[in-house]
């Protein structure tokens, strides 16, 4: 997959008053909410399935997070027009990484990463979830020829 | 019920940085989140059931909101020690009102009200919810002799 | 002003996973956050000033809320395409009401109202804020001939 | 400092309905909000200064985040009694790391880390902030003899 580019989604929005803290900048937890928006946006764009239909369409229960991180390089302020750029940076057997960049005035203000699991019901205990192999056709769709 | 007092729950907490907006005061939507905390706290105190067990204990699906309102009399600021005082101000057949007061330095900063429904599965369509009569023993427990 | 129509702003967005609670529907406090988005959107559309520049442009400190309310008529769910319709329903000397409707599939799911104050620095105590008369030209711009 | 233990703060609270997503578990961004609570709690416990007075007491503007991360090992659910355990895991000249553990039923559900800067006004441009050397007495207070 090294030679293949990965599909990139872009989502533009404006920083809301409600996202900002007393320092007048986006409160850190909101960036992780933005990343969640970005991942749903990316998967809808690539797989062509509405987010609430994703689980049923692929026989999974969801894409639970196991890891999230962010580097805050520059503040994002109330009213800033921002762009969230997201792509899958790595696929493994049953998990994957989504890389996010939040651009403010075309410069990277925040870099983030999420690791998520392709999770279904545990066949031995349907009250639990268990990672499943990501279907090859799902991974292929994220590749840009 | 006019001659009966209603049980009052009190919950003390501190206003967090994450609750405040660029004006340095609690952002309005957070007060409605506080009210939700207050209602769960009140019901646990009165009914003696942990919030996640409430629905199953009473054969309902939950207590969905149909109305919420707040009057903002004074700001609550980062670090303020506040007290949330909550009680059921009215019971009707299948709905009830919860009145909330948020005290800052013993003065009322915010007054709020929620109207919620005692909701179960609709027997005609289990994918829907339907209001149910609130059991008499539930209402009685909220009364202070 | 009775014979005048008031400018209406419309904002479309999708209900995010992060907005929803364990019942799978938008958590109530998020609607008040939506209303805040709606008011900023309306004022930018009418006054032609970016939200973070509004206060400085009009010599005020902001538009603090003194009252907010909502009626929840139908749930909004993860992935729902919604439209937030906002207009000023009443101007008074130094305060005004913003009426909001959240449409899901063209039906009103939530009706809300905010009362806000046109607030400047208190000339007698600059650490405090004080309501000011809303300029006539501001009110006029909200009218649709 | 290798031989010194670092002061640990503990904060107990209950997972609220408002913190949970449609999967019935705490939404990931809320953990970063918890971490922020934990850092303020730790600094108040160690330095004996109320959070809103911290900046003025030490001649800084705040403790802005430059990095945050979390590993999600087990879900935290509505109603879970949790304990947030926080300590400074490293001090550098002008920045430091805070390590957080969220315990659910005495097991680690989430591990997190924040990197924050000891930030004052930039003497060359007071509209900007600039990292400052953390006072030795601040670092000493975090050590447990």
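Observations on the model:
Note that the chains take the letters A, B, C and D in the order they are written out, and that residue 1 is the start of every chain.
One rule holds in what follows: a residue touches a chain if its C-beta (ideal position, glycine included) is under 8 Å from a C-beta of that chain, and two chains touch if they have at least 3 such contacts.
This one's a predicted model, so the numbers in the text were calculated from it and none came from an experiment.
Using the average of C-alpha coordinates as each chain's centre, D ends up farthest from subunit C.
Of the two chain pairs shown, A-D and A-B, the one joined by more C-beta contacts is A-D. Mean C-alpha positions place subunit A and subunit C at a centre distance of 30 Å. A straight line joining the Cα centres of subunit A and subunit D is 25 Å long. Per-chain Cα centroids separate subunit A from subunit B by 34 Å. Touching of two or more other chains is recorded for residues 17-18, 23, 27, 29, 33, 36, 78 of subunit A. On the subunit D side of its complex with subunit B, the touching residues are 16-18, 33, 36-37, 40, 50-53, 77-79.
Against subunit D, the residues of subunit C that register as touching in their complex are 17-18, 20-24, 27, 29, 78. Subunit D contributes residues 23, 27-30, 32-33, 36, 61-62, 64-73 to its touches with subunit A in the complex.
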